[in-house]
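These are the structures, in structure tokens.
Each of the next two complexes has chain A plus one other chain: chain B in the first, chain C in the second.
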Partner chain A sequence: MISLPHFLIVGAVLFGLGLVGFLTRRNLITMFLCAEMMLQGVVLNFLAFGKYHGHLGGQIAALFIITVAACEAGLALAMFLAIYRRTKSLDSGVWQELREDRIPATVDTDPLPTFLEDPDPVLTPAGARPIRAEEEVRV
Partner chain B sequence: MIPPFASLEIDPIAAGQIVAAVVMGTLGLYFLLPRPRGRSIALGTFLSLGTAGMIAGFLITTFGQPFPNLVENALFWLFAAGAVGFGRVLVMQSNPARGAISFAFVILSSCGLFLMLAAPFLMAATIIIYMGAIVVTFLFVLMLSQAKGASDENDRSREPLLGSLAGFAFMGLILFTLYVTGPRVETRADAAIVEPLLPATGIRTADKLLLVAAANDLDLALDPDAKPDEMLMQAKQARTRLLRVVGSAGEPLDANPGRTIQDRLRNSETDVRIASIVAQADKVRVLKKTSLDRLETALLDREPKLDEAREQLKRLRGEVLILAGRGELPAKNVKAIGYALYSEHLIAVELAGTLLLVATIGAVAIAQKKGSVA
Partner chain C sequence: MSDLDPAESALIALGLPLIASIVAALLGTAKLGKYAHWPVIVAFAAAAAVAAGAMLKLSGMTGESISASSASLTWFQAGSLSVTYSIALDPLSAIMLLTVTFVGTFIAIFSASYMHGDEGFARYFSIMALFVFAMLLLVTADNFLVLVAGWEGVGLCSYLLVGYYHAKPAAAAAARKAFLVTRLGDVGMILGIFLLWQLGGYRTDFNGMFEHIATHPDTHGQLTLACLLLFCGAVGKSAQMPLYVWLPDAMEGPTPVSALIHAATMVTAGVYLLARCAPLFVLAPDVQLIVSVIGGSTAFLAAFLAMAQNDLKRVLAYSTVSQLGFMFMALGTGGLIAPSLAVTAAVFHLFTHAFFKALLFLGSGSVMHAMGNVIDMRKFGGLRKVMPTTHLTFLAGSAALAGVPLLSGFWSKDQILDSILEAAASGGTYAGGYLIVLMVAMGTAGLTAFYTFRAYFLTFWGTERVPEEAHGHAHESPAMMTIPLIVLAVGAVAIGFAVEPLTHAFSDFLGRTPALVMANEIAKAPGGGHFDAHEHPHFNWAVAGISSAVALLGVFLAFRVYGNGGPEQVPDGLHGVYTLSRNKLYVDEIYYAAIVKPAELLATAGRQIDQFFAVLVRLVGSVPEFIGAAVRPMQNGLVQFYGLGMVLGLGVVLAVVILRSTR
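And then the complex of A and B:
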């Protein structure tokens, strides 16, 4: 016997966070991971109800969810590779030409911050170059 | 019958907690989401911690602690905090590789919760499939496509305020629904009116404790060193305990309404599982009477012949334990899942296999380069 609402609320919070990530983030991979997080919330609900009713149906539904998620992951991966090959970007905003008629295009106004990258570290030469002794034995 | 909206009036404290959680969560995630201007990690983290505290406070004041003992409670809160905390990192992290790593930790934490929900097979499967396969392949894709410096996809968000409002409004609605329908810790004066609207479970915790205690009494009675009067005393104690759960064989079933298992479940006997619980409870009720009678007659003899009575008590103990375990998931998780999959859900298994095949073919077809010969 478990307390049902606690698990349901953890599932709801996971689902809500995943929803926020899916709606707001623009990297396709992050969006996909957020969708998977929503699925985790759903699985948690199924398992909690299954335990609450003492019935295996919840676990079996969760098993099928995992199967579908695996299919989805494989397909999404292939699509992301194809998209990246075409546009050299994983930004979902690149595809806004596919939006509906009469919806204005979103324009990014703020300039991106520029990060000054440190150059690779170089060791300063110090001392004299050691003289290499001729190897005595040669094989 | 409870009218559907009988308990819609909400306690001001609970309402305040829900609203505060929604508002603080929305603002917190708004400040955390990546964008060129106006991002504040410190403020966002502070607000997110406040949200987590609000939700935990709402849970504890409304529903109490999730488990009866400290260790399980500590584990639950640890795993829940881990899942939610790493989920927040996944949503706000502008580096997608770090996001993928934190998603792996979300999976790990929620697998801890799976284990607490008696699903060890799913825990292992999820860890293997998600952490071992999905997250690692996505890290590969990230390696292939990582851009240097700031980029549109990682350092901008689409409508951060409205997006986070959508997610947290959804969460607030679920909190509210559970508040209205869930089994609350009752602190209100008119508590008698409000009943949990969730469907009844077969065996309540109190019943289960009584049944296990009765089985313990019978264990003591079956002790080979026990003297006959001790045996009778223990058996009678077990009988008083069982009386409170399954009722007495002599009296009609509705003698004490709402107390016995059979009476509580009488209206939902169409459910196969509930019917099996009721049948088992009836079995225990009858067996209790016959075995106690047998024991008493055996003890009244000049030379007590206890063997047969002992057999009966042993049978009664077995049935009591079976009744206590009805309404629980089977202990052999993998075996039971396999049996159910291939007996009740065979078509679904076949369909899932077909789906996997189609997805594989589709992935190969999509991923191959144009013009190359597959």
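And then the complex of A and C:
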């Protein structure tokens, strides 16, 4: 018989894993996924308590959280994309500009690799190439 | 022009200098500065013509008192107080209007030549026109607020003109001194005006206010206080003791400015104010005695100081202070004698003084022009041959100032002495005081003749000496400078005789000023002063004889001592007196030690206290700063670090919750 503590334990494990991941990883996308995992742990708690008490409040809260998480995902991924375009890196440690005045930047002794060589992915062109007249380019 | 209402003429005369000032300023910005004198001269001359027309029109009016006032625009209104822009022309203001514009015209013509080629030419003429405008506003105002506007305008323009050579530290200091010292008096005057509003039932027009005050006798001595405060303003503006110190320093401005300040536009304002407020001062006999005594002591002190000055312009400056003292002596007699008589004597002297003092200043300007801006009488002498026109006109001015019989100054000074004598003989409460004033006045008249002719002899007699600064081409000034001198000299010689002694035209005309008629009535009413009924000046042979004798004695003494011209010899036994006089009785030093120094000490102490509190406040302010500095490194911009912070915070909260629930 699966009882309330089982749910709660699974929720807590999810939350804990997410938390540890969030604090230990520096890749923004991984951090984001960890945060999502923490959210799911919480959602599980809501659902478990909702079932335990026998009413729909938990499920409603879960729906809300899922909606919010979706919005957050859209927003966060868009921001990561913008950040990546500017620094060619997904390292959260690269972004320290919001620190207090006159506080030296923390120097990263082991930075994540940046992909300066690697351009944004480009779709392979399909179909025939347009035929261009070879013209002298005048400077 | 003849069909103009006098009040409209006054408005036109008022507007012309203002327009000229603006046009001159615009010419200056349009790089046409060298033509800036034209609008000013034309405007002054036109204003003088308009003023003369208005005066004729006014004197043609019938009635015991004559005046004309313009339609008034409301300036502001507060409760029962309503202030309007209103202009009124009565004989008193008409005389002032004509004097200011007429003398101003010739000073402007003189300046055009004197200031030629100066880089601030347009600025000079613009401010000069504004100066005259402010003075005209002052004399035509029909209520105290408009008067104060003119009064302050005059103060501002004098500041600007005295400090005309603003790059020169002495000029800047003199301008500041003039402004601040007159401001001391102005404070009193403003307070006096506030008090008068209250006493005058919040009526603002002069005659209405005077009437209200006359019909509602005050019982608490407030009127005396108000009159005293008004007199403070006059003391500041008209350079009386103890605030006369700014006027001699005002010599730092260009010489025609001195002529303007001394003859027409500034120092006469105080005399005008007291003349205008005669109905009030009649009701305050205590103040009247103070006015006379201050006037007398100023006249004597200034004459004493003028006696040994080496700077020609300073001699003239002190003589102005002294002559203004004479005017105040006369003003102070109103009440014991018919107020109209007292005011006539003062204003008549003001009128003749305007001519000969403008003449003397312009003459000294002419000398200065020829001598390469040297004005120290020790450095030149014997200029009789070099500058014949200047010499003769200066002689005319000196003789008029000294009170040589039949010249302008003689008639007006005589009237003043006569009114003081009558006040002393009136048997009023303070008659004894006036007797002393009379003796001081007589002595001062002698001193006046002495110092004036000392300056004259030192400058024009003896062997010819010209300073090096003139570069060997000392010459008579151009016609544009000598013509104003000649015109003013004619005025200085003849104007007094022309308008008063035979026809009494001046006193009759002035006596019809509504304020003076009212003052006479107040003084005649029971409880007012006690004076013989006659309200017309009469020629007193004894006074005239004594004053002429004293004046001629002064001239003779000056001739005996200085007839050979320079270099100056100090009469034996008078070295101490001369040293005192030359050092201005150490008044500036005393003022510095008694007023400026303590004020500076106070300011220093205040600054120290201020800094103490500033340190205290900074100390309190630094506490949060330190805390901030301590915790600032936490804001390092690393997301993980913040996340860790949150987790730790969560841990603490959880720990507390768990501990509390298990206990």
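Operating definition for what follows: the second predicted complex is superposed on the first by the 93 of 139 C-alpha atoms of A that agree within 3 Å, B and C clash if a C-alpha of one lies under 4 Å from a C-alpha of the other, contacts with A are read in each partner's own complex, and residues count from 1 in each chain.
Here is the rule we go by: a residue touches a chain if its C-beta (ideal position, glycine included) is under 8 Å from a C-beta of that chain, and two chains touch if they have at least 3 such contacts.
What you are looking at is a predicted structure, and each value in this text was computed from that prediction instead of being measured.
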Q: With the two complexes superposed on chain A, say which partner A:Pro111 touches: chain B (first), chain C (second), both, or neither.
A: first
Q. So, does A:Ile66 touch the first partner chain B, the second partner chain C, both, or neither?
A. first
Q: State whether chain B or chain C is in contact with more residues of chain A in the superposed arrangement.
A: B
Q. Is A:Leu19 touching the first partner chain B, the second partner chain C, both, or neither of them?
A. both
Q.
Let me test your reading of the model: by the given contact rule, A:Ile103 touches which partner, first (chain B), second (chain C), both or neither?
A. second
(Q) Just to be sure I read the superposition right, which of the two partners does A:Trp95 touch: chain B = first, chain C = second, or both, or neither? (A) second
**Q.** Intersection of the chain A residues that touch chain B with those that touch chain C
**A.** 19, 23, 26, 92-93, 106
Q. What residues of chain B sit close enough to touch chain A in their complex?
A. 25, 29, 33, 35-37, 55, 59, 62-67, 76, 80, 83-84, 87-88, 90-91, 96, 99-100, 103, 106-107, 110, 113-114, 116-119, 121-122, 125-126, 129-130, 133-134, 137-138, 141-142, 144-145, 147-160, 162-164, 166-168, 170-171, 174-175, 178, 182-183, 198-199, 201-205, 208, 273, 326-330, 333, 336-337, 340-341, 345, 348, 352, 355-356, 358-360, 362-364, 366-367, 369
Q. How about chain A: which of its residues touch chain C in the complex?
A. 19, 22-23, 26, 31, 92-93, 95-100, 102-103, 105-106
Q. Can you name the residues of chain A that touch chain B in the complex?
A. 1-10, 12-21, 23-30, 32-34, 36-37, 40, 43-44, 47-48, 50-57, 59-60, 62-64, 66-75, 77-82, 84-85, 89-93, 106, 108, 110-115, 117
Q. So in the complex, which bits of chain C are touching chain A?
A. 632-633, 635-640, 643-644, 647
